[in-house]
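First, the structure itself, so that you have it in front of you.
Letters are used for the chains, namely A, B, C and D, taken in the order the chains are written, and counting of residues starts over at 1 for each.
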Amino acid sequence: MTGALPVALGNYVALASVMFFIGVVGVLVRRNPLVMLMSIELMFNAANVLFMAFARAWLQNAGQIFAFLVITVAAAEAAIGLAIVVAVFRSAATVDVDEVRSLHG
Amino acid sequence: MIHHVMGNDGTYPLLIALWLLPLLGAILCWGFGPWLKARAGWLASALVGASFVLAVLSWGAGTQSVGGTLGAHQSLLSWIPGFDFGLLLDPLALLWVFVITGVGALIHLYSIGYMDGDAAFARFFAYMNFFVFAMLTLVLSDNFVGLLIGWGLVGLASYFLIGFWFFKPSAVAAARKAFVLNVVGDVGIMFAIFLIVANVHSIGFGDAFAAAGSYATPTLFLICLGLFVGAAAKSAQVPLHTWLPDAMEGPTPVSALIHAATMVTAGVYLIARCAPLWSVNADAQMLVGTIGGLTALLGAILGCAQWDIKRILAYSTMSQIGYMIMGVGVGAYEGGVAHFFTHAFFKAQLFLGSGLIIHALANEQDIRRMGGLAKKLPYAFVVMLVGVLAICGTPGFSAFFSKDMIIYGTLQHGHPWLYAVGILTAGLTAYYMLRLLFVTFLGSYRGAVDPSDLGIRHPELAGLPSDGDPAPQDATAHHHAPAWIMNLPVGILIVPSIFAGWLMFGGANSPWAHFFAGQFPVPNVVVPPISEGATSAIVFACVLVGAAVAAARYASKGALADAVARLRSESVRMPALLSNRFYFDAAIDALCVRSAQLAGTFFGRVADPHVIDGTVREAAISARWMGTLMRSLQTGLLRAYALILVFGAACFIVYYALAGGR
Amino acid sequence: MILNPFGTADWMAIAPIVALAIASLLVLLADLVARPAISRYGAVAIGLLGTAAAAVLAAMQYGHVYAAFFGGFVTGGFTTVFEEIVAIALAGSLALYATLGDPKRIGGTVALMLWGSCGAMLMAGAANLMTIFLGLELLSLALYCLCGMVDRRGARESALKYLILSSTASGFLLFGMALLFGASGSVLLADLARPQLAANPLFWMGSGLFLIGLAFKMSLVPFHAWAPDVYEGAPLPVTAYMSVATKAATLAVFARVLYAALPAGTASHVMLPVWIVAGISMIAGNVGMLAQHDLKRLLAYSGIAQVGYILTAMAGGSALGLRYAIYYLVAYTFMNLGAFAVATAISGEHEEGARLVSYAGLARRRPWLAAAMTFFMLALAGMPPTAGFLGKILILATSADSGYAWLGGLLVAGTAISLYAYAKVVRAMYLPQSGDHHVADLRPIAPLAWISVTLCLIGVIAMTFYPLTPSNVLPLLR
Amino acid sequence: MRLRGDVNVLAPIAILLPLVAGALLFVLPDDPRLGKIYGTLVAFATLVVVLLARHADWSVRWLARPFTAAFHVGPTPIGWWLALLLGLCTLCAVAATNLPRQRSFVAQLLLLEGTMIGLFFARDLLLFAFFWDAMLIPVFFVLLGWGSHPATAWRYFIYNFAGGLLLLFATAAFGVIYGSTDVIGQSGAPLIGAWAPWIFAGFALAFLVKTPVWPLHTWMPATYADAPSPLVAVVSAVQSKAGLYGFLVIGLAYLPTYVARFAPELVVLGAISLLYGATVALVQPDTKRVVAYSSLSHLGLIAIAIATRNPLALQGALVYIVAHGLFSTALFLILGYVEEREGTRSLIRLGGLGHANPRLTGAFTIAALAALGLPGLAGFVGEIVILSGVYQAGWTWAVIVALIAIVLASAYMLRLLQDAMNGPVVDDLPVRRDLTWIEGLAVAPLLIALLAIGIQPHAIMAAIAGAVR
């Protein structure tokens, strides 16, 4: 690939992987659905970073388009997520995901 | 495949009529019994008589000898492709047909009187006719399968007739025992048939005998063994004899026809029929002769220990058949067959005579409770006397000739031990038969004596049936004279039981020998050290000894004086070995019946539900348990689910990292 | 082409999707103007009409090749089949709304379902990563809302769980896509088939993460944990829809990747983990059924296993395998929709008749429904005379043919286990009704549900005797 | 040659007639008498059609890939005999039915008949497997609806469905390897290859479960004891023969080498079944279980015969299959009469029925005698031909085992007969009327057939000799 980059591509991959990992851990450890959603956003954005980097590397604008797409979808998801969390809070009077476990078995 | 027939080819339709008439009677009596009522008896007797007439008419055809083949043949149908059925009437078959239909007709007549008033009168005659038909099938068949079919059907008929009073548990048990033991015989014959078919690919007697020389010796021995198992079961040879005494549960005419005159001698017929096989296998001859002698002796010994009049006769039958088997076994075929012939008459006569007594005494069968009947039942006395003299082999009476033929034959064919056994048994026979005669007819009537004074403590050990024949239902009059319908046949039987033996007089050129010319293979006989006349003398001496002992014990003045005390002491002191009939029943019960039932109980109660089903059940349970395990994994905790997801993802990532790294 | 980026061909290609979108807008419009009394039936009617239109349009495309979005969406053969399946699922689920659900919310619900179907159809035809992601999210977002559409705590909870878990999975999927893009420099699936990628670690890791996302959507063990809870919590029609449409759409994507987007010779290695989890799913799914007491939950587990069966058919990567996968998918669609339709028809005014106890004595009260349910259960178990029987034997045949007999063996084992669970439903219906538990009071009549039951019955039987596998599927894949 | 055309159409008709009529019966008014008359007429019509369809052969393509399969129906020579037996047994069973919810029961019987005729008419292996599983369903529902314990239904279904799955797998593999499943009754080349042993194992296990042979038999006694007699009659008489039929038309025709290789195992299993069933029958207190275990014993004999592959033994096996079908149907129907009159199946309670029920006793006696292989009845023919074949094939020990089993058979059959019918009258038994003429007519054809085959087996043997070759 083109060595013209000030920063080697590998670093972007590393950065993205770290962000992604943090996102995953966030989903696992946090109990507040909103924070979980934010962790998921983090995962998405990790992907965005990769898209951007690779788009630059390949000189392919498809990657940037993809990134915009992801951002949009993420926004929509956040909106819906918020709505659902509110709805859950209405019915369960809590937003702690460990409390919300009427369905099991 | 070639189908060789014995008897001259061509058709002899008369034979079919002779064979099927009794079947017709059976069907009619069965189907229209309620409508026929008493007429059923006459119908049945008439049809059996008719086939007797036909048998007489077939004399010429049966004895003709054309081109070395004897008798007449009528082919019936192809049973299965390659295996054909036919009827064969040769002297041997003819003799049996005579006895079956002749004696059979007489006993049918007798039964009309004896069974008079029984609820199932018609059914009885249906069974009797069916038996005659089956027996004719047995002796007229020209092949082993046909013979086996007849073999099975006579067993069935005997089962029906033993269990005729099916509300008597003892009768039911006796019937089952008889049938099962006879099936043992059937499978023996089946096994022999498999060997024969495997060797000659035919079931015809002709093919089987034509190849007699070609069998390997062990094969031939196995064939003979299988056939003899059949013969032993049917003819109550040791150790398959235990059913015969119990079979006396049936009505007395049944005992006379089936369990004395005809069916039980089927074994003799079978061996005589298969003479070509036996005569070339010394081991088989040895085996059969020994078993026969053993049975003759054993039957006689047990005969001395019985109190039930019919059981005494049963054991004597067993013993006499032992003689016949011994005769045909060692190779004295004419002698064995001759004894069958004479025995049929005098034993039938003895049974019918005892039937007269039982009938007159309202179903009393224990001779200890009889006595002094000579005055009360003179006719019965005469009948029994003649019968006893005949069976003892009194010179001039029939058995004298036939029995001597056998005993001398054993010596001729080189079996001195069997010779000795024969002579000894003759003496024992004289003893127990005269014992029967004396205890029954001499002295004073003991019917009024309290049974316990006569030592009748354990009826089952004494071999008494739990209750006697319930027929006829009118047990009111005590000694009422039997009707002529019962006396006539017995009277007729007296004649042959005295004179039948004369046919055998004159050795090689006796009418008997002429009748059977060419029927049996002629074995090379050794000239024994003792002449035939001497043998007769020895036998007769032995008989006299036995008679003397019997007279001393039962007919002497002192004996008759305190008969009750003596009978009591004798029955109380009866050795356990004898009163338990040498423990044959117990042994069979323990070895076969109990063990099979034990196995069945184990399989049914343990193996099936717990071992086999248990395994399956466990598998099902563990599957369901895994299901509940998965339920418990489904905690409902969102983060737990996420963890599972990520765990799976991690596995994927590892795999792909490795796969991509390559 | 560049000058006129969006020609008539493109419109033709996406016509079914457009039809659905328009229908959903009409539904919302009608919901605004119509009186509440009729709004329910109006919405359902419009929805069904739109579905029919979409189905017809899709059918018209069959046999031709249309592409849109610069080759990002290809339709014609393969796609059409999946679009039809989605349409069937949509119709089958909408029909249930004529019976169930809060009248006030019907309009929105139906609209959401239609939009979701747009996403599903987009996935069915997606030929590049963007379209896949777009379609997937469109479908998922709609489903999140649909799950939470009713005022039951369970529904809300299921929505939350589905949202979080599904989004996480999407995250994996997306990251995988990014890596794939990095490896190939293109978002077109076709470009992933370039041979030199076989040696590229980015490609391997990318396809790994990508497949995780798909496996989640297909609810394969161990990515299945969400399915039982969400199925149980969601309203009956949504469950019915999810159980079929999501699987169908995802399978379409998976098939396209498997058949068209892998460098030659790498398929067996790249897909091996999928086959393994498919095998695990067949056993675990069927075992999971054994202990269930709720029809929806039971069918969730059954779905886990059934996807395993379908993947078994594809395992060889053979043309026939795809045929039989599609065949079985169609059969499965009919069986599942039928079962849910029966469940709807017997469910009471306010509660959903999904608990097995509420089936006791059904054979007495509703013999025909009981017979139908029995039939569907037997079909799911693979008994004749149903398409399930033929489908199973075809799958077994291909698995034996393509050297994945071990999957066939697991299929047989799984089926043997499953029988007990399916038969449990039957038994519940034929056992006499014992009074100790409350039984849903049956609504008098549920015409649409009955109709859909009948149609599903016909479909299942007809398929047994005339396998409707489209002949020219493979050529249109690329 | 349009006559032949007509004849060919009879094959599908024979299958569809009972199926459609049975389904139709569900919508007819629920009147017991109507159901019975209707069922009897349909069963009779089916019997006639089967009789005429001997040479029918009708085919429609089903699958082209992955292997060719067709709806190819038309009796094989053996299948025709079995279908005929089935027709007769079903007719008698329907005529003898007297149950609550009679209409539905008769309908189930007709469905069962249809599926089983399909099984015996199937010339395509896939179709065979299809009907193989299909015929479980009516039995399952009858067991659920009329049986005394639902558990029995489960056991029946699980056992047989597991077998069915193995059959399914084997069929699929067979089709893939052989290229076509349209093979039954054709003289194709035997199957070879690395898969063949597994395919054989699949078929063999499925068949052995269905037959059943020890140790796969435990579903059978419970089923036979719990299900209503008319159904049991059909199941024990014909359905249990499906496995043996499969062995003949698939095992022997396409996997002969493996039948030969595993012959010792099969013979041992058969011999164990023989003795196992016989001894258990000796002590069972439940009348229907006695007959069930006797079936285990009898079918073990047939399994031995098939395993030896001796032509004579095979002919005998077919005769015995027919004979066993006839007498087990008769026995179960008669035991059904007894149970329905006295309300018990326990040999300990029963007894002395012979006084009040002479006709019943007569019928029972003939059936029992046939079952214990009385010379002159059909059972005997089968036994003696099988065993002489087995002996010629060199399995002397198996022959001896079988002979022992025959002796045991006479013991347990007489026990069954005498404990129920003979002995003193039992006071606390509600002894009802003797056989009605309709009940008598229901068993008469079976007994007559037993007698006819026993006296003149030439016809059936000749017909079967061709089928075996």
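Here is the rule we use: a contact is a pair of C-beta atoms (placed from the backbone, for glycine too) under 8 Å apart; a residue touches a chain by one contact, two chains touch by 3 or more.
Quick caveat, the model's predicted, so the values are computed rather than measured.
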| item | value |
| --- | --- |
| Chain pair showing more contacts of the two, A-B and B-D | B-D |
| Chain closest to the middle [Cα centroid of all protein chains] | D |
| Centre-of-Cα separation between chain B and chain A, whole angstrom | 99 |
| Inter-chain centre distance, chain A versus chain D - centres from mean C-alpha coordinates, in Å | 66 |
| Distance between the centres, which are taken as Cα means, of chain D and chain B, whole angstrom | 37 |
| Between chain B and chain C, centroid-to-centroid distance (C-alpha), Å | 79 |
| Residues within chain A bordering two or more other chains | 24, 27, 97, 100-105 |
| Residues of chain D engaged with two or more neighbouring chains | 158 |
| Of all residues in chain C, the ones touching two or more other chains | 160-161, 164, 168, 172, 228-229, 420 |
| Every chain pair in contact, whichever chains are involved | A-B, A-C, B-C, B-D, C-D |
| List of chain B residues in touch with chain C within their complex | 620, 623-624, 626-628, 630-631, 634, 636, 638, 640-642, 644-649, 651-653, 655-657, 659-661 |
| Residue ranges of chain C touching chain D (in the complex, touch as defined) | 320, 323, 378, 381-385, 389, 392-394, 396-398, 400-401, 405, 408-409, 412, 415-416, 419-420, 423, 427, 430-431, 465, 467 |
| Chain C - residues contacting chain A, complex | 129-130, 133-134, 137, 141, 144-145, 148, 151-154, 156-161, 163-164, 167-168, 170-172, 174-175, 177-179, 181-182, 185-187, 228-229, 232-233, 297 |
| For the chain B and chain D complex, residues of the former touching the latter | 77-81, 145, 148-153, 156, 163, 166-167, 169, 172, 175-176, 179-180, 183-184, 186-187, 190-191, 193-195, 197-198, 596-597, 599-601, 603-604, 608-609, 612-613, 616, 620 |
| Contact set on chain A toward chain B in their complex | 24, 27-29, 31, 97-98, 100-105 |
